[in-house]
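Right, I'll just put the structure down here and ask away after.
Chain lettering (A, B, C, D and E) follows the sequence in which the chains are written, and residue indices restart at 1 in each chain.
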Amino acid sequence: MSQSLEAYLVLSVLLFGIGTFGFLAKRNAIAMLMSIELMLNAVNLSIIAFGAFTPELAAQASTIALFVIAVAAGEATVGLAIVIAIYRIRRTPLVDEYASMKE
Amino acid sequence: MNDSILTLLPFVIVIGTAIAIILIDLFRPDSDRIVMAAGLGGLLLALAATLVIGPLPGGGGALPEGGSIGDPALYTRDLLTALLDAVLISIGLLSLLFAPDYLVPRKLPLPEFAATLLFAISGGMLIAGGQDLLILFLGLELLVLPGYLLAGFAKRDGLSTEGAIKYFLLGSFSSAIFLFGLAFVFGYTGSTQLDEIANQLARVVSGTQSLPLALAMALALLAVGVLFKIAAVPFHYWTPDAYQGSPTPVTGYLSVGPKIAAFALILRIFVEGLEPLRGEWALIIGVLAAITMTVGNLAALGQDNIKRMLAYSAIAHTGYIMVGLVVFATADDPAVAADGIQGVLFYSVAYAFMNLGAFAVVAALQRRPGVTSQLTTFAGLGYRAAIPALLMTILLLSLTGIPPLAGFFAKAIVVLSALEVGGGTALLAVLIMLNAAMAAFYYLRVVVYMYMRKPEDDAPEVSIGAFTKTGLFLAAAATILIGLFPPVTGAILEWTGAAATALTSL
Amino acid sequence: MGLPETVPYLDWRWDDLVFLALAGVMLGSALLVVLGRDVIRSALWLILSFAGLAGIYGLLGSPFLAISQVLVYIGAIAVLILFAVMITSTKRGPARLVFQRQWWVGAIAAVLLVGLMITAILLTDWPHNGQVYAAQVRDIALTLFDDYIFAFEVLGVLLLAAIIGGLYLARRDEEDHV
Amino acid sequence: MDLTFNAEAATGHGAETLSLTGASSEQAIAMLLILALPLAGFLLTGLLGRRMGERPWIIAIAAILIATGIGTMLALGALSSEEPVRYGFTLYTWIPAGDLQVEFGFLFDNLTAAMMIVVTWIGSMVHIYSIGYMAHDDAKWRFFSYLNLFMFSMLLLIMADSLLVIFAAWELVGLSSYLLIGFWYKRRAPKLAAKKSFLVNRVADQSFLIGIMGVFLLTGTMNVLDSFVGFASSAEPWVRDLVALLLFVGAAGKSAQFPFHVWLPDAMEGPTPVSALIHAATMVNAGVYFIARTSPIFASAPETMVLVAAIGTFTAILAASIALTQKDIKRVLAYSTLSQLGYMFAALGVGAFVAAIFHLMAHGFTKGLLFLGSGSVIHAVSGEQDMNRMGALWRKIPITHWTFLIAALSLAGIPPLAAFFSKDSVLGESFILGFTWVFVIGAIVAAMTGFYMFRLMGKTFYGKSHVDPGVEPAIHESPRSMTVPLLLLAIPTIFLGMVIGLPLGDSTILHWLEPIFLPAEELLAIQFPEYELFGVDGALIIVSVAVAALGIGVGIWLFGIFNSRARLETVESLTDRNRVSRFFYTASQNKWYFDDLNHLVFYRFGGKVANGVMWFDVKVVDGVVNGVGTITQSVGDNIRHIQTGHVQNYALGIALGLVGMAALFMLMAR
Amino acid sequence: MLDVGRLDILSLIIFTPLLGALALLLAFPILRLLRVEVDAERQEATMRWGALLTATVAFALSIVLALAFDNEAAGFQFVQVADWIGFFGIQYKVGVDGISLVMVLLTTLLTMISILASFGPIKTRVREYMISFLVLELGMLGVFLSLDLFLFYVFWEVVLVPMYLIIGIWGGANRIYATLKFVIYTLVGSLLMLAAILAIAWTYSQATGTWEGAFDYTTLVDFGFDPTLQFWAFLGFFLAFAIKVPMWPFHTWLPDAHTEAPTAGSVILAGVLLKLGGYGLIRMNLPLFPDATQDLAWLVIGLSIVGMLYGAIVAIRQPDLKRLVAYSSVSHMGFVTLGIFVLNEQGLEGAVFQMLAHGVITGALFLMVGIIYERTHDRTIAKMGGLGARVPVWATLWVFFSLASAGLPSLAGFVGEFLVLLGAVTFEPWVGWVAALTIIFAAVYLLFLVQNILMGDVTDFLKGLGKKLTDIDRIEAATLAPLVVLTVVFGVFPSLILDLIALPVSEVLTVVSGAAEAATAAATGLLP
């Protein structure tokens, strides 16, 4: 099982699914952001898994995963900055209360 | 090695300019003029570099053969790169020109804006030349992260931040989905190199067995990711809110920059890397193209907020451009497939100028804080500010597709290519036409307001800064020249055609 | 001490057990992140989930990545999130509704998605399978600083952009009250 | 004898035909002048008339008199020549389009000459008469201008050599009559009458035009004479019948034959000279002239010929029956015109072309005189037209009375006045040619004619005066400009028949016109038997005179003459005796309800149809257009509502989209 | 003699209005730069006279063209070619034949008159108005003279914009609804035409392997497309033209547009714009798609006849002067389409002539409605009455043009209608007969109108206007006089025009019948 690509991939998919559900279901912007982080980690897991089962890709996969981690960090920065900015105005982190713009 | 510097030069110049602006701001705060000078200068330099380096069609430019970074190539400078670089830099240039009029009265800092904008542009440029999935992903992130920030740039404005957070959350969601798709491709083909991927996939597809499901899933994930970025229905939801909320010059940028860069991403991934799978996505994208243009136009019909209206119209334009992709996917003849891509490119070029110009007029009207983006602010504009109204009219007519303006040629070329394929794709051509007629209604409604309604009593005086004026003239001039001035039309046709041929004949 | 080759009774490899344990931790805490009522606790569960993932990286022969994961995610991102949570949590505390009203649609969507993806994965004949290879740190370094040096530079730009913009947005201006 | 189509004549075109010679330049100039003068008169008077002060008629009168002079000269020249003449010339090609070449050309032969005399002389008289009659009208310049236009149109009609030019003239005649009838446009009745006349004519003209095109289709030409050549052998008999029928419809419209007769009586709303000119003397004759002119075409369609005869006969008796009871003096005359036109058509239909033209001429002068006379009467009683408010005028307006009496006798068919000869030849030839029913009905109509004319005489000139006492003292004979034309017209009314209608059976007019109708008669295989004055023909004369005298006698008996007493109570008792007679009386008075029927069908029902179509246009056609717009917009508005503003909704949408896409892609991959 | 060909006279004609428009646009800004101040009234006067001058020059040039034109020569004359977008073989190619010459003359004349007629009524934004008008003229001339399909389309759309503005800015109360309806309706058609243009161009380039000449009119006419493509492309073109003409049931934009447009706009709309459709059918549909033309002729004829009768019947009940004239246009333009599709010389020549005549006559009618509207600010028929007594000259002219419109022989309206009907009778007699019923209805609505507005007593409404209700003035007389003259001249000497169009018409028919013969021959196996 630990030697089977599918297992890791399924694991990754499950994590991705949890993240997706979280993103879809949560009301708190930061919680949604956390869900996205879960999703990104799920992707990372799949990348590493692919790398781990292909000798020539191992290093490349790890590198890519590193990049993804870094990008995730950047994304988190931006996201949190935006959350803070809007919190200043709206006094709430709950996104379903951000609906000034709609039809 | 010399080549590689040249290869990257425009990209480097843009990033360098961004960093320079940060430094200027650090050492000499409140020096907007210098910032503008630096920003414009840098972008002009980059534009010049792009045009000088090339490669240009017919073997022009300092790098007629192009060049690439890394071995295997991560980034390549080919006809497509040069073309998209030029477009993206122009977008940056115009967006920057439109900014001060809007930002300064609202006490929003120009340097941060300029730097962020330039970073975003550089992201697009990176996508334009990306040859490696990682680079493309990085480029995408470099494109969208500053984009989120720009959307929320008016941070004391509730709408701006609200739009930004919607844009950010949904954008990150789609990025994650997109990334998963990349991972699948990487995992299945064992490579991040576009050409390598293409080779691998060609082998897979040439076998008689059906497409591996993982690849189908990858296609779905990737498609959703990019369709979100180009704002195709049903992944367009963010557009109206983000566009409406963003500071208007940013909206202008958002409506063209990320969209064109995202199309560049599609060209690189779907057209170049996943070329062997094109038959798989043709139908779905075709249907989505039809839905996208129709829904976009329908939604725009009754919209009274001009930014939202233009947002919906931008969705519709996405649909038109997607038809070019469908042509690529459905054409048997490689030449016709190239024509489809040419349609995508030509449309993008035309669309960049006209849409940005239109938003610039909206922005110009909002120079005085407190002016809304309701259609009524345009009432009697023709009487209050003749020249902006005239330019707006031209731009709107171009967006409608009235000849001989740029937008007309753009539509004509896409339609032509669709007709070349025939069959269901030709139906899309007809649908474009019907949609264009529908679109005329809401574009012309703006003209109605400008010329056929009396200004509101409290309509503020319209005063437009020199930068905006320059930008507006440039955008309008481009819109007119691309349509009316054969050398320009021809040059762009040639360039887009050559880039498309080069891309599809890989 | 010498463990048996496989887990007694189950005929599993020990690695498998570790894998299952880590997976359990990771998924479990991820679920708690998602289901939890309190955002702060969610953030903490998130850290645990990241940690579990780091373990799995180790299992996949990427200790270097495991360390990076711990450093970056737990050390930086999670902390960042915690800060943000603190800043934005109001005295009202977490609202009564953790989920939005249509959470069940989201659940269905997620389940469907997962189902489809698992189907896709299981029904695909993957070209490389069956053996885990360890990634050497040296190789990683080579890839990173040679093949991907350009990407690395770009990444720097990206982070710079994020930071500059993030700073601007999050910065408190004179007239702001928070 | 039966009308049969002579196939041999159709193809062989046997006997000597009148050949066309080019007009000499003098003749051409003369013909052009005849046209140009009234046209110039029309334009000049129309443009300058307003500034011409009290005598705006100078140009118009001068133009028409000169034209009359030239026309008379041409006509006499033609009629007096030994050999029958036929000359013509082409001015220019009017409409060249592919194989269609419509020449603007002219033609002059004895038929033209006969018509020329009628038209120019009556026209001149009417012009002169109008000086007096219209003296008090402010816009008389307009009137004279219209009169000249009318003359131009009518002259063009009789001289044109192309069917299409004839049609053009035909329409111009219609136009000028419209203008003249509606001359007093501020009043309600004239404006309605003018419109009615134009529209009824239009309906007929539509068929007329198609008929002309049919001739072109069959023969490849629009030239009148050329078209004869091939027409008879051009197509199936029913096609020829149809084409001829279409042409006949046009002729019937202009000549007010049933069912197009409705416009003519209303048209009496115009000034009286107009009534004389248009509705009695010239315009309505156009249809008769046309059928005569195109006799070979009609002769190639024998079934249509019978229809012509039938319609003519029916119109004759229908109109006469209405004329019996009308109160308005002009209306009696109008219905009598209809009735006489019916005679002409009957004559045409049976193949008695010469008789038709003869009656046209005789009736033209007679009726012109009657109308001008009635105008004089009306003038005398200050505009009153109701005969019940006249009476005992004969001493007060003697000239009018005597000329009127002559004309009435002529119309009634009393020898030796003009209309006696012509009517007799119509009836006689009908009988000879085997159309006994035409003869019988014609005779009955003759009796009715005598009756209603003397009813009119009695009510107007004799008996007790019923004139409005306020008007009574003002009764006066008309000015000289009006009486002179009356006297002048009385001359042909008296002598025309004797001059050209004798000797019976071998008359001058027969010599004039026979060559022209020869082709048609050959096609119809008509051969007139030897004239027997002391045989069947003489008998017929006696019959016709007898019935006329009977009618006159009854008229005099009931309504009196000179100082004799009218038996008005008898009239009342006759009309009111029982339900049947009352019904007929009222029906006749109400013109057999044709106007009401038309009103119902065309105005009421037609209006409903038009409203219906308009409703359809607004609600359905435009409704669909606007509906598409509205629906599109509302669909758009609904679509926009997926933008709830809630980011979770958006995210859900994206996620569901993703699920859908993934499923689709996987399904397609399988 | 002047070598007109050397002058590139066609381009000169096309672009004269543009030059004029640019001059008007820039004149005063430049003066302002030079610090010359001109007061507003002077500026407006300059605009008016400048536009009139431009239009007059264009008219004069078109007269020169007509004089230099050789009506014996086959094909197009004064052809001028230049590459435009070489990539797709798109050219700037213009040329003139008899049919387009007639249309050009009509256009330049009516534009001149319209501009003159706008002197009084247009008081706001004179500069923009005049520029719009000149651009409109540019577009119309371009459509009539283009020999490149792409260029044709471009000009076709160029026409749309100024008309949109003219109705929308200077129009009546409901102008926005009307102008949007006009534009969108027209766009739906024209965009499908564009699709058809592109399709045939591509087919050509595919067959020949080059884009060279793919949009060239004469080349495409000679090419011969396969019947299926012809069918669809025919429909694409047809829809565009049918909307423009407008044919039933695509006509409902017309009454609205006419009602709301300013007088001169209505004049041009009725006088020239509608002719673009008829011209397009003759120039494009027949020669390019002869087989489809044969196949679909009955459809078009059916629609034409319905439109003729329907337009006339609806006109009877219209309460508004302009709407009435607009519906009469629907009816009259039905003659045009009928004449075109009966596919014989009389019909086609009649159609062209009818276009010219309708342009002159209906243009005049709209001018006259405008004149009355200027004084009464009302067009409700019910409110008029007794105008004959109040404004005799106007009334006389109204009767004159009404009669011309009703097809009185010797006036221009007759010749076209006659030829079309003759063509229809030749085609199929009963079709001609049914079509001819229109002339009855035409008389009905025109005479009802004459009766209602001219005759009878002067209404209280008109009495209330007092001295404001004056007869036509000099400028108005100047605008109407040429139309009166032409109505008579064309009616009496139609050969002036018919000689011009005989040759091109027969050329068109040769193409159409040639295809028919070929098809028959192929069907019967005479040809390989």
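The rule is short, and it goes like this: contacts are C-beta pairs under 8 Å (C-beta built on N, C-alpha and C of every residue); 3 or more make two chains touch, one makes a residue touch a chain.
Since we're looking at a predicted model, the values are computed, not measured.
Student: Using the touch definition from the top, how many steps at minimum link subunit A to subunit C?
Tutor: The fewest steps needed to get from subunit A to subunit C is 1.
Student: Identify the chain whose mean C-alpha position lies nearest to the mean of all protein C-alpha atoms shown.
Tutor: Most central by this criterion: E.
Student: By mean C-alpha position, what chain is farthest away from subunit A?
Tutor: That would be chain D.
Student: Please flag the chain sitting at the greatest distance from subunit C, going by CA centroids.
Tutor: So the farthest one, by centre of C-alpha atoms, is D.
Student: When A-B is set beside B-E, which has more C-beta pairs in contact?
Tutor: It is A-B, judged by the count of C-beta pairs in contact.
Student: Between subunit D and subunit E, what is the gap in Å from one C-alpha centre to the other?
Tutor: Here subunit D and subunit E have centroids separated by 39 Å.
Student: Take the average of all CA coordinates in subunit C, do the same for subunit D, and state the distance between these two points in whole angstrom.
Tutor: For subunit C versus subunit D, the centre distance works out to 104 Å.
Student: Nearest whole angstrom, what separates the Cα centre of subunit A from the Cα centre of subunit D?
Tutor: Result: the chain centres lie 97 Å from each other.
Student: At what distance in angstrom does the C-alpha mean of subunit D lie from that of subunit B?
Tutor: That gives a centre separation of 78 Å.
Student: Name the residues of subunit B that each touch 2 or more other chains.
Tutor: Where subunit B meets two or more other chains at a single residue, that happens at 134, 138, 141, 145, 148-149, 152, 155-156, 165-166, 169, 173, 177, 187, 190, 212-213, 215-217, 240-241, 438, 441.
Student: Find every residue in subunit C that makes contact with two or more other chains and list them.
Tutor: 100, 105-106, 109-110, 113, 116-117, 119-121, 126-128, 147-148, 151, 155, 158, 161-162, 165-166, 168-169, 176
Student: Residues touching two or more other chains, restricted to subunit E: which are they?
Tutor: 184
Student: Pairs of chains that touch, anyone?
Tutor: Pairs of chains that touch one another: A-B, A-C, A-D, B-C, B-D, B-E, C-D, D-E.
Student: In the complex, go through subunit B and note every residue touching subunit A.
Tutor: Per the touch definition, subunit B meets subunit A at residues 134, 137-138, 141, 145, 148-149, 152, 155-159, 161-166, 168-169, 172-173, 175-177, 179-180, 183-184, 186-187, 190, 192, 240-241, 244-245.
Student: Flag every residue of subunit D that touches subunit E in the complex, lowest number first.
Tutor: Contact set of subunit D toward subunit E: 92-100, 164, 167-169, 171-172, 175, 182, 185-186, 188, 191-192, 195, 198-199, 202-203, 205-207, 209-210, 213-214, 216-217, 607, 609-611, 613-614, 617, 621-622, 624-625, 629.
Student: Inside the complex, what are the residues of subunit B that reach subunit D?
Tutor: 165-166, 169-170, 173-174, 177, 210-213, 215-217, 219-221, 223-224, 228, 234-235, 237-238, 240-241, 280-281, 283-284, 295, 297-303, 312, 438, 441
Student: Going by the contact rule at the top, pick out the subunit C residues touching subunit D in the complex.
Tutor: Listed in rising order, the residues are 100, 102, 105-106, 109-110, 112-113, 116-117, 119-120.
Student: Under the touch definition given earlier, write down the residues of subunit C that touch subunit B in their complex.
Tutor: It is residues 116-117, 119-121, 123-128, 147-151, 154-155, 157-158, 160-162, 164-166, 168-169, 173, 175-176 of subunit C that touch subunit B.
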